[in-house]
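Listed below are the structures to be examined.
Look at the two complexes coming up: subunit A is in both, with subunit B in one and subunit C in the other.
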Partner chain A sequence: MIYILEDTINGILMGSIYGLTALGLTVIFGVLKVINFAHGSLLMVGMYAAYWTVALTGIHPYLAIFIVAPFMFAFGYYLQDIVIKPIFKAEKDVREPITVIIVTTGLWYILDNLTLLVFGPQYRNLPDNPLRGKMLEIGPMLISVPKLFGFVMAILTAAAIYWFFQKSRMGRAIRATSLDREAASLMGINQYKIYNVAFGIGTAAAGIAAVTLVPFYNVFPSVGVLFDIKGFIIVVLGGLGSIGGAILGGIIIGLIESIGPQFMTATWTEAIVYGLFLVFLFVKPSGLFGAKYDW
Partner chain B sequence: MKTVTSRLSIRRFFQAATLFCAVLMLASPLQAKDTVVKVGNIIPLSGPSASVGLQGKQARELAVEEINAAGGIKSLGGAKLEMFYADSESKPERGVAEAERFINTEKVHILTGCWNSAVTYPTTAVAERYGIPFIVPVSVSDKITEQGFKTVFRIAAKDSWWTRDQFAFLKDIKTEFSAPVKKLAFVYENGDWGTGFAGQWKKLAEAGGYEVVMDEPYPSTATDLSPVVQKIRRSGADVLMLVSNAADAILLTNTLAEYKVKLKAIIASGGGHADPSFLKAAGKNAQYLFDIVEWETDVNKSGAKETNDKYKAKYGQNLTGEAVDAYVAMYVLKDALERAASTDPAKIRDALAATKLNSGPGMIVGYDAVEFDQTGQNKHASLVMVQINDMGAGLERITVWPKNARRSGYTPVFPMP
Partner chain C sequence: MPQNVFNKAALIGLLALAFGLPLVVRSATYLHILVLVYLYAYLTTSWNLVGGFAGVLPLGHAVFVGIGAYASTILFLQYGISPWIGMVVGAIFASIVGVLIGLPTFKMRGAYFALATIAFAEGFRVMVENIDYLGPFNINGPRGLQIPPLDTGLANFLFSTKEPYYYIILVMLVVVLVITYMISQSKLGYYLNAGGEEPEAAMALGVNVARAKLIAMAMSSFLTALAGTFYAQFTLYIHPKSIMHLDLSFEIAFIALIGGRGSIAGPVLGAFLLRPVSDFCRIYFGDVLPGLHLIIFGAVLILVMIYQPRGLQEPLTRVWQHLVSRWTTNAMGRAGT
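Up next, the complex of A and B:
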């Protein structure tokens, strides 16, 4: 019984971190209506940024968030502005611009291979960070402190983005654009600026996820791919564009991964995750919280 | 006036360029007479095994530089080895496609690769079909040399030898320290390599009278291995046996330490645990781990230290067992080419089959000769067991088994404190 409880807690913690990694994906899709295949690479860039910030300055790994999140916002903002926007403009009459998806795929390869060239294929982690291997012991249960922090960060980040979208003027403009980009433009909203901001927010969310991962995970050029695939499944489960859905979708995956192996081999849990993905696509393609109808 | 001069200069430029091209065209047939031996190498240069692929590439390059600098292949009039590299991305279909491209487009004379057994297995079939000799420095899956192929030659020991030696080591260390070991846990990556090892472990465990309390394949791409570690912790195993790639080896080792899993010993199977970034990234958590490898920097062979120093000066890392296999493979190839005195793949193949290499700069391996049996397996390949420990100079890998190869003055730590 205690085992189940321990696994459930680990599943929720790790799952919320998965949700956090997928948060940016869902934000970007919600606004741009583009599946960003480079999202895992953005996470990877964030992990390298966090790694080098901590390794070079020696600050507490979590303080890196104040450097990495703004850096990633700027990175995403200008990536969208310089690389993706021209393609968008070329396809502005299309609702879901396919070429943009292809461009993000290209970005994924470029970023991953550029990192491979610059930093080499080595696996890096922060060997002496104060959080490494920290465990909370509650009776016979062990709970990882960095994962607990990841859970808190996931909830906070999701809440902050949600609040920003609901309450702030910019957030409303973003929502308006995501609902109807023509009408929003007619109301005087600069569509492309909104895209830049939304892409920046999505990338900054990946940066926050990167900061929570770096204290207990390895940094290497293809690390994004591992989280990317999970990210897609998560946003489909939660509903494309839904912020709460991403976190919940992540927790569902985390629970399957954590509790599953106690009853079967770990390989099978992957099959279950993908199976669930297919079931959702058949039964409820809009996901748990996705909009049933599309404008 | 101005336009005329510029037009003139353009014309002159073209004249000069035409002349230059003509000279080049005249010169090139002369160069083509110098034979080159084209070697196609298919290794993972990106993706999960990129780190080990890069080592293989560096080791090959070091050997080829040495061979070319020493006058190339003398029986072919000093022919140089020309290296071609293709990235398999650890994907079987990429390996197959690149082999086709190398053979049909680049017209290579010989292929080597592919490190990942899952890639090597289908890729050797392509080479066999075209009759191109294929040297496998290291891909340990048994079945690679059991396809009845005539063109496949493997330098490294195959995985049934690895598992055989792991259990032999376990028996010896148990006796040496008179510590009972009853329960074994098998945790391995779910690819060809891991499942191949596990299949043999099960047979050996049964024969040795051990109880297998856990038998767990996991995906190497796992982002969280704490569920698997929890399972190990609850299984009450004495000894944990692992097959891992680099990222998961680091993750497992760190997670095992986080959850304070009590084990008498951890026995790994090279691969990720032998990756140079493993020690750096796992740090103290890796202490006392046993790992089976083909080669260690403290091996007592002439030339080994010098080659390692040269490699380290050039690439900043020590040679690994995998890198040494790639290094040796180039010297095996050189030896065969000298005897074949031809770039005809069939002749190279026959020369490789008759290999009996026991001296020269390539022989820095732990065993004494390279000689292929009927199936193309190097008969003499053998393995050593190392323990990771800190002897005052930071964590290092120390040879502990076979006992006659043990570093003098070192006593293995068993069971783990």
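Up next, the complex of A and C:
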């Protein structure tokens, strides 16, 4: 019985971290209406950035957030500005810019393989990790401290982004653009700048997720692929564009992954995750909290 | 001579060159490379039926390759059924799977279809990698299946030299190109085109867009699975990571996109241009700069999407038209276009 409780808690913690990684994806989709296939690679870039920040300066891994998050924001901002904006401009009248998906897929490949080329395929983890294996004891249960921190970061980041969108001027502009691009530009909002900012926020969220992952997850060039695919599943489960949905979707996946192995082999839990994804796609593609778009 | 006669003559000349090549090129290595180029041209042209004509973005096509390969190989190794028959069985199965994927997702945004294909492909691959026995079938999980090169001969789809494989894949490529051409000229082709550009208008005219896309998907998955069997018989070893990997799906999609999806010559052109790049990078830079060819593909893809969204075949076709118009007469009997 205690094991189920421990598994459940671990599932929620890890799931919230998954949700954090998917947070940027859902924000980018909500505003730009494109699924950023390169999101996993951006997460990977963030992880390498966090790794090198800590390895070169020796600061505490969690303090690296203050360096990695702004760096990732700028990275995402300029990535959108230089690479993706021309496609948007070319496809202004098309209902769904499929070409952007193609471009982000190309970006995924370039980033992954460039990293492979430059940094090599070896798995890395932090050499002097003050958090390695740290556990919190609550009664008979062992809770992993890095994951607990990840949970806290996920909730804080989601809340911060939500608050930003609701209260700040730029946030209102972003929401306006996501609801109706033309009307927003008629109001004087520069939609391309909004896209840049939204992409930057999404990438920064990935950067924060990366910082929480580095203490306990290995860093290697294809680490993004797994999170990319999980991220898609999470945002479809939770509803594309919904911030709370991303965290909730992540928690669902986390629970399945931690409780599932008690009853069946780990590979079948993966199959269940994919199966759930397909079921949602077919039955309720707008997810739990997503808005109903006209298909 | 008139333009269309010239084009036809050029096509026949090209075919003669392709069929006659093994008489001149004797090295097994070069033939092997050519076989792979034709294989990719075949795969991308089959992909084009859905990705180009139907206007959606399937990013998990390798799963059909895997289905075809595993179906024919299992039937051959365990029950001694000729791979030719196994080929068709696998293709039918792949076709059903393709329709199953397409049924719910074609009604949704393009991105959802792309996601569904990725999820399906990855899910399938993970399952095959971890299962040893599925009912009476020995799948052998991560160890893969090996075909012992005994009993060579046409009946068993096993040959000791490269030439028969070369001719088989060449014929397959020609057949798939002919099918593509016939579709593009048929009602189905027009339905797909209309559905891809303006689905609402097409539906208002009475075109059943969803059904047209499903037909295209069924055909595409069928043809792709045939290539899976060919690959299995050619390399004699299949393994989930090599046959059903996301990398393969993406490579097929990238090549077709760079070459020009929606056109007939585009995917073939893409394969002929890009596969040698891939092999070249692997041979000369393999240990020093791994994955270089994928970086190049990705960069070329992005540049092509920004500047030539219809693919490289567009400027190349224009150059060809320009050259041809100087040497031939047009339909009115005058020189030039």
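Going forward, the second predicted complex is superposed on the first by the 292 of 295 C-alpha atoms of A that agree within 3 Å, B and C clash if a C-alpha of one lies under 4 Å from a C-alpha of the other, contacts with A are read in each partner's own complex, and residues count from 1 in each chain.
Here is the rule we use: a contact is a pair of C-beta atoms (placed from the backbone, for glycine too) under 8 Å apart; a residue touches a chain by one contact, two chains touch by 3 or more.
These figures come from a predicted structure and were not determined experimentally.
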Side-by-side fit of subunit B and subunit C on subunit A, or clash: clash
Partner chain in contact with A:Thr267 - subunit B first, subunit C second, else both or neither: both
Touched partner set for A:Leu116, first subunit B, second subunit C, both or neither: both
Partner chain in contact with A:Phe227 - subunit B first, subunit C second, else both or neither: first
Touched partner set for A:Leu288, first subunit B, second subunit C, both or neither: neither
Contacts of A:Met141 with subunit B and subunit C, given as first, second, both or neither: neither
Contacts of A:Ile101 with subunit B and subunit C, given as first, second, both or neither: second
Partner chain in contact with A:Ser258 - subunit B first, subunit C second, else both or neither: first
Listed stretches 166-174, 220-228, 238-246 or 310-318 of subunit C, narrowed to the one that overlaps subunit B: 238-246
Intersection of the subunit A residues that touch subunit B with those that touch subunit C: 112-113, 116, 121, 225, 265, 267, 270
Contact set on subunit A toward subunit B in their complex: 3, 6-7, 10, 14, 18, 112-113, 116, 120-125, 127, 132-133, 135, 142, 144, 216-218, 220-223, 225-227, 230, 254, 257-262, 265-267, 269-270
Subunit B - residues contacting subunit A, complex: 46-48, 50-51, 53-54, 190, 215-219, 221-224, 226-228, 230-231, 234, 246-247, 250-251, 254, 257-260, 275-278, 280-281, 283, 285
Subunit A residues touching subunit C - in the complex, by the definition given at the top: 34-35, 37, 83, 86-87, 90, 96, 98-99, 101-103, 105-110, 112-114, 116-117, 121, 225, 229, 232-233, 236, 265, 267, 270-271, 274-275, 277-278, 281-282, 285, 293, 295
For the subunit C and subunit A complex, residues of the former touching the latter: 55, 57, 59, 104-105, 107-112, 114-116, 118-120, 122-123, 126-127, 129-130, 246, 250, 253-254, 257, 289-292, 294-295, 297-299, 301-302, 305-306, 309
